[in-house]
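See the structures that follow.
Below, subunit A partners subunit B and then partners subunit C, in two separate complexes.
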Partner chain A sequence: MSELFRRYGSGLTYTAIALTAFWLLVLVIFPYAGLFEQSFRPYLPVTEINGPNDHYYIDNYLKLFSNSQDMTFGIGSLDVTIPIPIHLWVFFITIVYSSLATLIVFAICYPIAYCLAKVLKPSLLPTYLLLLVIPLWVSELMRSFSWYIILSLKGPLTIVLQTLGIITDPIHWTWGMNGYSGIMVGLVYTYILFMLFPMYNAMTSLDSNQIEAAEDLGAGIFRKHWRVILPHCKPGIASGCVTVFMLSASSLLVPNLLASPKSRWFTEVIQQWMFETHDWNAGAAYAFILLFTCTLFVTVMMRVFKVGFADIAK
Partner chain B sequence: MTAGVELADVTMDFAKYRAVDNVSVKVNPGEFFSFLGPSGCGKTTILRMVSGFIEPTQGKVLIGDQDMKGIGPNKRPTAMIFQNLALFPLMTVWENISFGLEVRGVDKATRRKRAEELLNLVELPGVGERFASQLSGGQRQRVAIARALAVEPQVMLLDEPLSALDLKLRQHMRAELRAIQKRTNVTFIYITHDQGEALAMSDRVAVMSRGQIQQVDVPQKIYNTPANGFVASFVGENNKYSGQLTSIAKGQGKFKTDVGEFAVTLGEGVNQDSKCRLYVRPEHVDFSAKPKAGENAIPVTVESVSFEGNFATVHMRDKQGHKLAAEVRNDPLNPPPQAGTSTNITFDQDKALALLDSEAVAYEEKD
Partner chain C sequence: MATKPTHAILQTYAYAFLLYLLLPLVIMCGAAFNDSRFPTILPWNGFTWRWFQELYNDATIWQATLNTGMVAIAVVVLSVPIGTAGAILVNSLKGRSRTLLYATMIAPILTPGAVIGISTLLFWYKFNAPAGLQISVLAQTSFIAAYVMLMVLARLQSFDGALEEAALDLGASHSQMLRRILLPHLYPAIAAGAVLAFFQSVENFNATQFTRGASTTLTVYVGSKVRTGITPSICALAAIMISITIVGAIIYEVIRRNNLAKAEALQAQ
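Take a look at the complex of A and B:
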């Protein structure tokens, strides 16, 4: 701190501190705190707020466990029917498919990042990186809409494949994977760069001699990656995975646009509470459930893969 | 098991320049062989071609009489020690050493045991559970050697592995490397720009410049009878004079310079019309107030004397202003001439070499 004063003088330092404090308090902490407080209060008409019926309780959170629906699962030849609260189920599905999207993004990014960092000629790198970044300049809405068009029943993809004679009848592209294929495509496409760049950074920081040493000692392509490159890139991968997972689970636009009749996403439930039922209190409770559970999930996964938070910040 | 290495008419072209230019050399099985040369001379490229990281543009690399074309680095019977060692930082020392065995599917208990044996071989027992970052520079060096030996290579390739160490440790590791090589009888190919290292450790040395081999011989021959001007200037110090040969007979001749004519010994391939120079090593220069008639002598003025312990270097200029140096053994009863004195230097005919100007004069011109 004294170093800051010495370097930039008190004027600049106080301004910087004030701006940071403003951002943190006014734009982050106060709104969240307000929403958090509301999530423990009942949904009341405006006239009754702060009246005798207004009190603190946790019913908003318990709503997640209401509204049970019978769900049937086939386990082998056996069909098991369990009543499951519908919102809880949507929440679970959101976590599962967000994890799946993260996995797919990882599988696509790893070879690309490796090629960018270690295989391609450095002279071509700026061009490739630019080509990769340009799609990020287009708004998320536009990108999702373009996929909506591409994947539509009689859209370009169908037409191209029909012209090539690969398919005859139009296909519901968004109906695959239990109705989540469109959402998967959208999430992967939208958030892929959030994985690619941390991974690429991690790979470039790996000394190429290490890879050569592994090869020289006889390692084949799999072991080379598994024992030397992957462990080195773990912090970058973790950082990318956390970002992609969090963004996927909290995405509203993509699950909305690229939905199928069968797909539901937890953010849509929150949106319904807030903008259809106008019950901001329940909506806030659901939003915090999403936030806390995702954070918990990420923390657990990081434990499992033995990555520290400090590694990610690097 | 040990194997020889042969490079047959090997050329390596990169996009903009030729790194290795038609090199042929044979390294014998069990030999400690060094490539010595200034940076950019192509020695590292040669090492990378032997290890398999790059394929030569032309020519063949043979290991134990087998053509290595198309065989990747992970399939060659070589092990490399990198300049920065390239130990795996996320593995313990013993995992590092046994990585090559892990690749070969050896079970963990055997690997652990073998790693400890190798740690004993390089005199570093008991550090198996540590990480490389917890070791000193010299210890890391030994771990790298153990890791390379673990795969029982037929040829060991060393890319200036001692350059990061301080002087004392470097000298110690020289002897150590040499001893390990003798103990294991593996062929060592050693890359260095440090002539002291090359001369002290090697059975034979190849001196390289601009992608070409200038001379291949035992260290004594490299130093005492350099093949050309480049080798004479790069390996050790030399006083040199431009001029031309006036007469030659039976490997000897007269060499005329702007400070007189001298009786010289002719180097490899020198004849009447050769473009050559006269080379005299500083330690072969004597002082004489009154030189005998017919003796090789040059009148000089002493500029400075630097005392370096076991010897002193006397810096002088002749009448034409050429710089000269003489190395004199430390002898308190017979001190070297003081700065400012005018005297003569003398040198024997068999120590005055007329050597071909090699094409690789870049190094000479620098100083």
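Take a look at the complex of A and C:
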């Protein structure tokens, strides 16, 4: 700090501190704290705010467990029906499908990242990377909208497959996987580059000699990747997984554009609280649950991959 | 290194991946020129400019574009100085306090957009500032400033602090030193940060959706049009946005590579 004053003088230093303080306090910490505080308050008419009925309680969080609906699961030939709270179920489904999307994205990206970093001719690389950057700069909205077109009932995919004689009747592409297939396709396509780039960056920093040494010492393909390349890429993988999971779980556009009659996403429930029920406090509680889940995911990833926070957020 | 069969497979896969990424965008742009009521390229009913005309005549789109531009400019104006100041501050710290400050600055990037939007909305509502685009600007700035901070911080790491010392020793004032030594070194990162901030703001949906009130931006307008029915004029908009993006991406890349080449040439000397 004193170094800062000596270098930039008090005027500039105070300006820098004031700007940073405005950012971190007014734009980040105070609103987050306010969100947390308000999520424990009841939803009251304006006249009753700060009145006798305005006290802290956890009912907003308990709303996640209310409103049960009978759901039937097929286990073998047996059908089991149990009542499950709808919002809890949507929350659970959102996490499961977001994790699945993260896994699929990882599986697709790993060979690509390896290929780009270690296999592809260096002379081709700049062009390839430039072509990759284009979909990254095209907005999230446009990326998911392109699949809205492709997967529509009588859209290009159906017509191509019909022409090839593979299918005869139009198919509801977004209705598979219990109504989440469209969303999965959209999540994978929309967020895949957020996995590829950190992984690719991690892989380029690996000395090719290490890979060759492993090969010379008789490591097979599997061992080479499992023992040498993967451990080196851990920060990149963790960073990619965290980003893809967070973006998927908090996506509004993809579940909106590629929905099916059966699909619901947790962010849509939050939106419902905010704009349909106008219960902002319940919305705050649900938003906090989402934030908590994403924070938990970051923590778990840091533990599993044994990397620091600074490695994840590059 | 001899070419192995696995390498041939990997390369084929890499090209297939590129096709997978680009083909949907091509299909979407193609749909903008198809004379069909639905946004699709097949069946192809012939070439038309009709959807661009329809887009041109859509008053809401023009208002949304104006709003998007104003929000994006405001976000750039706020997040560039904030991010730069944050980077200089974090760079001057060491140890625990540095880690803590850095983590707090990065946190908004890892926060879901819905959470940023709702928390900003609720916070300002308490001060009787209702939802509106000005709240969207604040919500977006909270995480876009972090992107600027990261870019400036990366650039600061290649800065030789001795230059500042020399300037001060030779009698430069603090503000002279800032204007003549530090900022010129940071300009490439600041410019890149400004471009990134602009694009991030334009494409933002989640945070804006919760804070915008009755106003609308391009991304929000298109995103919400799914419910009311999408016409191919949205594809025309997509085609325009993608063209702008491609030009922007190419310019950005060329500048970045020029800078890289310059830096390498300097190091080689």
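FYI, the second predicted complex is superposed on the first by the 283 of 314 C-alpha atoms of A that agree within 3 Å, B and C clash if a C-alpha of one lies under 4 Å from a C-alpha of the other, contacts with A are read in each partner's own complex, and residues count from 1 in each chain.
Definition applied: contacts are C-beta pairs under 8 Å (C-beta built on N, C-alpha and C of every residue); 3 or more make two chains touch, one makes a residue touch a chain.
Computed from a predicted model, the values in this text were never measured in an experiment.
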Which of subunit B and subunit C A:11 touches, first, second, both or neither: second
Which superposed partner A:166 touches (first subunit B, second subunit C, both, neither): neither
First (subunit B), second (subunit C), both or neither touched by A:148: second
Contacts of A:78 with subunit B and subunit C, given as first, second, both or neither: neither
Which of subunit B and subunit C A:46 touches, first, second, both or neither: neither
Partner chain in contact with A:223 - subunit B first, subunit C second, else both or neither: first
Contact breadth on subunit A, by residue count: subunit C or subunit B: C
Interface residues, subunit A side, partner subunit B - complex: 207, 209-210, 212-220, 223, 227-228, 231-232
Sites on subunit A touched by subunit C in the complex: 1, 3-4, 7-9, 11-12, 15-17, 19-20, 22-24, 27-32, 34-35, 38, 108, 111-112, 114-116, 119-120, 126, 128, 130-135, 137-143, 145-150, 152, 154-156, 159-160, 189, 192-193, 221, 242-243, 246, 249-253, 256-257, 267, 270-271, 274, 280, 283-284, 287-288, 290-291, 294-295, 298, 309-310, 312-314
Subunit B to subunit A touching residues, read off their complex: 51, 53, 72-75, 78-80, 82-84, 86-88, 90-91, 99-100, 102-104, 147-148, 150-151
Subunit C - residues contacting subunit A, complex: 6-7, 10-11, 13-14, 17-18, 20-22, 24-25, 27-28, 31, 38-43, 81-82, 85-86, 88-89, 92-93, 99, 101-115, 118-123, 126, 138, 141-142, 145, 150, 164, 168, 173-175, 177-178, 199, 202-203, 205-206, 209-210, 219, 222-223, 226, 230, 234-235, 238, 241-242, 245-246, 248-250, 252-253, 257
